[in-house]
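Please read the structure below before turning to the comments.
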Amino acid sequence: MTTVAPTANPESDPRVKAVFDDIRATRKTDFINNLWRYLAFDPALLESTWAEVKRVMAQPGALDPLTREMIYITASIINGCSFCIHSHTAAARAKGMTDAQHAEMLAIIGLAAKTNQLATGLQVPVDAVFDRG
Amino acid sequence: MTTVAPTANPESDPRVKAVFDDIRATRKTDFINNLWRYLAFDPALLESTWAEVKRVMAQPGALDPLTREMIYITASIINGCSFCIHSHTAAARAKGMTDAQHAEMLAIIGLAAKTNQLATGLQVPVDAVFDRG
Amino acid sequence: MTTVAPTANPESDPRVKAVFDDIRATRKTDFINNLWRYLAFDPALLESTWAEVKRVMAQPGALDPLTREMIYITASIINGCSFCIHSHTAAARAKGMTDAQHAEMLAIIGLAAKTNQLATGLQVPVDAVFDRG
Amino acid sequence: MTTVAPTANPESDPRVKAVFDDIRATRKTDFINNLWRYLAFDPALLESTWAEVKRVMAQPGALDPLTREMIYITASIINGCSFCIHSHTAAARAKGMTDAQHAEMLAIIGLAAKTNQLATGLQVPVDAVFDRG
Amino acid sequence: MTTVAPTANPESDPRVKAVFDDIRATRKTDFINNLWRYLAFDPALLESTWAEVKRVMAQPGALDPLTREMIYITASIINGCSFCIHSHTAAARAKGMTDAQHAEMLAIIGLAAKTNQLATGLQVPVDAVFDRG
Amino acid sequence: MTTVAPTANPESDPRVKAVFDDIRATRKTDFINNLWRYLAFDPALLESTWAEVKRVMAQPGALDPLTREMIYITASIINGCSFCIHSHTAAARAKGMTDAQHAEMLAIIGLAAKTNQLATGLQVPVDAVFDRG
């Protein structure tokens, strides 16, 4: 169930086709996942979202590709986005994430969620030594 | 402002002292941050929380120490825990996180938050190919 | 799958019937959505919830009906309530929301989610000029 | 307290100066708020963030400027971003938001938060009629 | 720092005075906390909010007063509302919450936060036996 | 749909079998729910998670078993964990939660969610009297 109707032939719109072509070329696959298919209801939103994903996730930078995916998965789990958890866990696995790394990432997320709530529940004041402002 | 009164001499309790001693030995520093000082109001909660932090974060595993801290920071930002954002950003920096890595991590968190909301707003169905169940 | 059993003939309870009748009269439709059907397991909770929805959403006020629905959808997306995202997107569309307005609302929600996380991650202090207290 | 050190003379970096100049020109004010001042620690992140804020919030579109700000505030409240709540409430007021509109927006956010939790707690199934997929 | 200006003499408005009088009578104290003082910027919002707090929290029902407060604190911690964590922890303590109960409640919240993230990260399917729908 | 493949015969691993045996003995039932079945992909994560659940939820303490479950459900609702909402609502019902208690708990969660957002939206300052620090 979705809140927008999927377009029958999204690539009949040249702006959508250009984005889909770039996704296929960048990711070296014919597969276009549902996020892009549904975002196609608004070509401008599709274009700007893909441009940012490509810029942040697909270009060389200060972090390696697997670390990037694990940060993405962590955010997606806490934000509760089922689609994103699935798509980025698959992406991390394609980039080499082992079961042991997957389990350790989940253990850290679980521990962080616990200590986050403890610190918030106690309203622990931030130590002055942590300030950089 | 906090919801529990800090203990005047927490280490007069031998259970608290044992945990604080282990924190100092494990982290090779005399500094005990406020989370531990406030958790000392309940020695059992202090003990179990520290035991888990030590097990998950301070022992060799499948992920390197800096990646672990970045996963912890990511969770803490989305969970909105000011104390934890400060303490784990400081820990990540102590483990070598550069400004460029910090900025890239934040860019990924921001992008994930955006696409998480887009996928949730559109209620995008999960592609069958992502299923491992 | 739900956590309460739906009632077979909820309108056999006169309190439930009165609320359902008022929903039909207020919304000028015979359709009663599942939120009301499941809330019927506790007539008092059904009554107070509907009374508030009617007061806040169905009476003239300072905001027009479509703006109200977009605020409702925005909250529902960030709170991750699938049912509410669906029902209020349908309501907004019934009140005239176009695809262009839908896409623009989603773009703002995505941008806000990103800058919210950036400001939280950096722990940006609030400028004094913003204070009204 | 922040997690990055503010730069002493951020505009000595020409990329930062170009963004700050564009903020001043676009918003017709000399005031640069703290989000931009702290994002200046990474000029690329500053540039991409401002470019998106300008594109989404400062250009004519399908929604009027005040509605946009109220959507932004709503997201910021639920995401718990204190800085963003302050800055966008001030922006909304500058664009004409009255106390009555402010109160009504808060009433809708509060009602949505309540019904979001009720629907989630009951795990209410989405009515088939809402599906557009 | 707040987003609305506090009223100098809020009780000069008879609607505000009536609510404040009822708070004092119901809670048997002269103290009016800041939530009510700031909500006074909109008497209708103040009235409806207090009416609901009084109905849900101050009348006999199916749960005892301390259990109610612990449910309220739990929600407030996860929602990240600093004001509410403080005010309801104080209320719970006034109703007899011991340090041991406080610590146990926090341990449960921390454990729930952890298993919530594990189940979400793994996307664990709900067992059919749990369904009541 | 899940992000890890379920193990065909999880109890062929003696560490998994030991945990499953302890779950059956502690809960006095042959039923092992899906959280444990999926956590079995990493025996160490399964062991530490079960050990904590057993310690916090299944041993005598300062709170009665039903209150513990209601705190767990409250956290799970706000964290949006569908699996946990289902499993802990079932557990609470098994421990005697009536429909009236269920409805009252949901009413408190809904009220808290509302006032949490109001206090956050207004950025209400914490009254000094609440501080224990």
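All chains are identified by letter, namely A, B, C, D, E and F, in their written order; residue positions are counted from 1 within each chain.
Everything below uses one rule, namely that a residue touches a chain if its C-beta (ideal position, glycine included) is under 8 Å from a C-beta of that chain, and two chains touch if they have at least 3 such contacts.
On a predicted model such as this, the values are computed, not experimentally measured, just so you know.
*Asks:* So which chains are sitting against chain E and chain F at once?
*Replies:* Neighbours common to chain E and chain F are A, B, C, D.
*Asks:* If I average the CA coordinates per chain, which chain comes out farthest from chain A?
*Replies:* For chain A, the chain whose C-alpha mean is farthest off is E.
*Asks:* Starting from the Cα centroid of chain F, hunt down the chain whose centroid lies farthest away.
*Replies:* D
*Asks:* Can you give the rotation angle that fits chain B onto its twin chain E by Cα atoms, in degrees and rounded to the nearest 5?
*Replies:* The superposition gives an angle of 120 degrees.
*Asks:* Which pair wins on C-beta contacts, B-D or A-D?
*Replies:* Per the contact counts, A-D leads.
*Asks:* Which whole number of Å gives the spacing of the CA centres of chain D and chain F?
*Replies:* From the centre of chain D to the centre of chain F is 34 Å.
*Asks:* Quick one: report the Å distance separating chain A from chain F, using the average Cα coordinate of each chain.
*Replies:* 27
*Asks:* Identify all positions of chain A at which a residue touches two or more other chains, and write them in rising order.
*Replies:* Where chain A meets two or more other chains at a single residue, that happens at 1-4, 45, 48-49, 52, 75, 78-80, 82, 85-86, 89, 100, 103, 106-107, 109-111, 113-118, 120-123, 125-126, 130-131, 133.
*Asks:* Using the touch rule from the top, collect the residues of chain A that touch chain F in their complex.
*Replies:* Going by the criterion above, the answer is residues 80, 85-86, 89, 99-100, 102-103, 106-107, 110, 117, 123, 125.
*Asks:* In their complex, what parts of chain F are in touch with chain E?
*Replies:* Touch residues, chain F against chain E: 1-4, 31, 33-35, 38-39, 45, 49, 52-53, 56-57, 61-63, 67-68, 70-72, 74-76, 78-84, 86-87, 89-90, 98, 100-101, 103-105, 107-109, 111-127, 129-131.
*Asks:* Applying the document's contact rule, which stretches of chain E touch chain C when the two form their complex?
*Replies:* 1-6, 48, 52, 55, 126, 128, 130-133
*Asks:* Taking the touch rule as given, give the residues of chain F at its contact with chain A in the complex, in rising order.
*Replies:* 1, 3-4, 41-42, 44-45, 48-49, 75, 79-80, 133
*Asks:* Where on chain A is chain E touching in the complex?
*Replies:* Residues 73, 77-78, 80, 82, 85-86, 106, 109-111, 113-118, 120-123 of chain A touch chain E in their complex.
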